[in-house]
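The following pair of complexes shares a single chain, subunit A, combined with subunit B in the former and subunit C in the latter.
Up next, the complex of A and B:
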């Protein structure tokens, strides 16, 4: 508020008065932005070099030990593997499915709207509730998934090794099996997210000019495939950049499903021990704030890096005009 | 239509997978435990009267009950009276599975309280976001002052920071202030929406200056201009932002999970559901799915009614 006091001392020219009100109007937002967004980043940055715990009177500086731990201990190796497996699986597939669904829905015209509504439902629904619903679906004995799979037993489906094994020895435990756990989580991430991407792509598709397709036909693009690569895909460039970035950021933040399935430990053999869960477990539950802060800092670096790449790409695209 | 049949095939297959958990959730919330275990009864279940075992166990007739009921069953020995009373309790405790599931959802846990908390938290977050963001957005869009570029630069920088990512330092700060396990802890981190500021600023840029000048001529203060001139022009953008904000915070699980520990009075709906799952044994699938249905339904229904607005609101982050 020092600025507005200084301004108040000056003779009240209209510009000064406006400046004073302007600072007055932005002050609450500014104060909250600094105290809720900037200060915590700095706090996390500082604490990541300490061994602080809540309730302790003080802390010791331990240099980069927390970060060294992150890069040497096998638990954190598992954390990075789980996080990147999730991101690298969920992002391309949910973007691809989103685009595919958008193209199909768009080509159907008004009838397509019904699919749009259905595919958007998971985006709206409380993820935690749906995770619990999925957990029941995947229940090894009374779940719908394994019951449905079991129906294929005794039919020609048994040619497929997966079914042959399943019918002979029982279908997978899914959430209890470390070979499947992370993939199930990925599947639910895709299930939840692709509708969101589809809607963004649909918005992008409506802005592609019809004339461009005619022009492409003039140039000899006959098949739908050629037209897609020649017109649609480049026109959707900015949308794709945005969709990929936002999918990445959301994928990095996966937590609800993991905590719902495995309240302790992050999955069988820590196979689904993602970063957000690690921050929660180490920092909040075990009160190891130093290491939790170090993970937080690393997480912020990833997310900021992604967003900066996106902004850079978008600005470059703008010049293509 | 005939040429597009393969498209419908693909899309319907997708729709089945998308809808499967919703179908299951709703179906289990209607069925009896037995039907869920055996996987029978179709979607609605047979809705045969079922006996609530916990209710019967609670009302097990004891010595005093038998003595008290002696007058009603003249000429019977104790065992006979006990059997008769047992039968009465069982009738009193029997109900349709759907009624059982949904009453259990509300009686096993204070679900009503959780829902109310959800409403309190989401609504206060939204209102505070608006009170903070609108004046700032107006100043950034329409007022000229020294430092405006710097403030806007800060807004753009803060857009890079997801609040969930800095949950740990926020939690520490709130704990130091003694605010964990309060409504404040649930609301405070979300009071500033840089995205809201950014969005409303972009929107206010398009409002003609003449409108503001006319208001100034009428002697309105700048703050009055924000609420009486700018706010009404911004209703569509505000509505989209409201949907964006409310959906995000009704569904949020991560942040409440961190700052609310143990105190059930502060549980938001997702936390309540989590608790339900935590202490439920296998036989409580029905009531749990009823709880899940109740939590998911308000937003889904609102979405089905005002689809276009919802899609606009949720994908708002895409319109930069």
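Up next, the complex of A and C:
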């Protein structure tokens, strides 16, 4: 009797049934998402508190030892310095260059398409192959860069200390020099990344209403600079937040250049020992899954933090809805 | 406030001529409408006056000073755009303040933190706020000052755009179809408000519209544009009652003016083969066109000049418009009748129409007005 009552009562509660169907339909996607995206993160989180190695039958819980190591050992201090140097250098410059290139290309019209393609080439090329080309160019003795620099010897260029030094004692070893290594990596990161930012900014620029520039002119904005601050920059706010976030995440993820240049150790004196490379070295090469997971968790925290800032900015500051 | 003079302005986009020699004289404090169909070059002319577009030839002068080569920002004109063009990231108050900030405040003072420390910044901020409040009060948008344009309705945005134009004291106001994005009711209301604003400010207004009703109701003078030329520029009554060109007559007036073929046999003019008893000289053109406003026609029983059948009618309450099919549906004319005449206008009813010779207009085959012919015809018909 009670069963038939329940069945009879069902149609009276359509919301319940709808909710159940909805959950049923969502379940496969939800299961996939959890097992593909969330489970690995949780597993890595758990492993970061152990000393697990792949192939070992078991592992020991070692508490926060992995994390303590991260914040005390000098190797990891170098890792943080290299990573943050890279992020702090590459993000502003590649975003700034991307914006500048986008503004120039946007003002060109048809010829702009050629520039667009050229600037985008490094984005499309595999960084690994490009890194090999750069390695040749930066070779201390037979590389194009140092040979070109050497041509300045004997001319008035020697007034500049850099050239004076270089001509007397030889130009930098670039990839082999611990003072230059990370900056070379930064340079390649910028060279490779700004075309991507330019394309994003170009998309943003097409959405700026042309009449706004005319309104700005009528309102007394005389120079291109004034119009930029009154119209273009605010209109690009959402794009900028997105571009900066993406650039930050990409910068945190830098790996292939370093792997190509210094497969054994992350640069001279670990000066280019970035996080991704550390994860690779510890977790894959040395099979120290525990410490590798701990770095991964830290990495995730940084990226999550950036994403939250982006969300906050988008919702609070740059949406004029 | 100043007068404005446009002399022989031409404009080409690539090979396409858009303006073909525009000359327009606007007196100080005058309200002039530029009216014409879409694509005739009204916006282009307005943008040339504003300085947003350079003319291919000709000159623009404001207050007797040649400004043809001058930047838009230096011309001291205010413009209201069709899309309103409000800055989406600024609040209503900030939007209205932009023209003052850009003109009266130096670049250094506009900087966020340092600007506040500059000498005179505080007093200036105060005076800008006062001007903004006054403009907002005038347009009754005082309650919206802290909102962003995205949170406003179309009508409110339009007011903010107006506020931004009138917050300072420009030489002239340029308005490019400011009402075309509003609904019909709001359009009528805002129309009256803009006209009132013009009277209160006593400023020079150039108002672009494709809507002849707006032009008729608001302007001191109307310039009818078509195909990159001004066909006629005159007071609304003259444009309506005494057009120079058949295109002006057809564009202004709703319902449209009736155009009938007019033929000359010897010295006699006739309509559909029936003599009108109008006599003209032998050197008049063979084929002409007769323009009759719907209100120039009236129903008659005795000796009608036109005969036809009622094909359609629209009762608007205060007046009735009937379409009469003439000559076996070869041509239709629109007649304005009074509600009292309604029962004579049943669908399919045979009616006779007459018209007053003085309100008829004659045009040649190309559409130019033939005032000489009208004068001759009018004289003879009065004698007859």
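Everything below uses one rule, namely that the second predicted complex is superposed on the first by the 286 of 321 C-alpha atoms of A that agree within 3 Å, B and C clash if a C-alpha of one lies under 4 Å from a C-alpha of the other, contacts with A are read in each partner's own complex, and residues count from 1 in each chain.
The definition used in the following text is that a contact is a pair of C-beta atoms (placed from the backbone, for glycine too) under 8 Å apart; a residue touches a chain by one contact, two chains touch by 3 or more.
Bear in mind the structure is a predicted one, so any value in this text is a computation, not a measurement.
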item: Subunit C versus subunit B on the shared subunit A, clash or fit after superposition; value: fit
item: Partner chain(s) touched by A:56 [first = subunit B, second = subunit C, both, neither]; value: neither
item: First, second, both or neither for A:64, with subunit B first and subunit C second; value: neither
item: Subunit A residues touched by each partner, larger count belonging to subunit B or subunit C; value: B
item: Which superposed partner A:230 touches (first subunit B, second subunit C, both, neither); value: second
item: Subunit B versus subunit C as contact partner of A:215, first or second or both or neither; value: second
item: First (subunit B), second (subunit C), both or neither touched by A:303; value: first
item: Partner chain in contact with A:283 - subunit B first, subunit C second, else both or neither; value: first
item: Lowest C-alpha to C-alpha distance for subunit C against subunit B (Å); value: 16
item: Those residues of subunit A which subunit B touches in one complex and subunit C touches in the other; value: none
item: Complex contact set, residues of subunit A against subunit B; value: 3, 15, 18-19, 21-23, 25-26, 28-30, 32-33, 36-41, 43-44, 47, 54, 97, 101, 104-105, 107-108, 111-112, 115-130, 132-134, 136-137, 142, 144, 147, 191, 195-196, 199-200, 203, 239, 242-243, 246, 249, 253, 255-256, 259-260, 263, 276, 279-280, 283-284, 289, 292-293, 296, 299-300, 303-304, 307-308, 314
item: Residues on subunit B engaged by subunit A in the complex (per definition of touch); value: 1, 4, 7-8, 10-11, 14-15, 17-22, 24-25, 28, 36-37, 39, 131-133, 135-136, 138-140, 143-148, 151, 154-155, 158-173, 175, 188-189, 191-192, 194, 197, 221-223, 226, 247, 250-251, 253-254, 257-258, 269-270, 273-274, 277-278, 285, 288-289, 292, 295-296, 299-300, 303-304, 307, 310-311, 314-315, 317-318, 320
item: Contacting residues of subunit C [partner subunit A, same complex]; value: 47, 50-52, 71-74, 77-79, 81-83, 85-90, 98-99, 102-103, 107, 148-151, 164
item: Touching residues on subunit A, where the partner in the complex is subunit C; value: 209, 211-212, 214-222, 226, 230-231, 234-235, 237, 318, 320-321
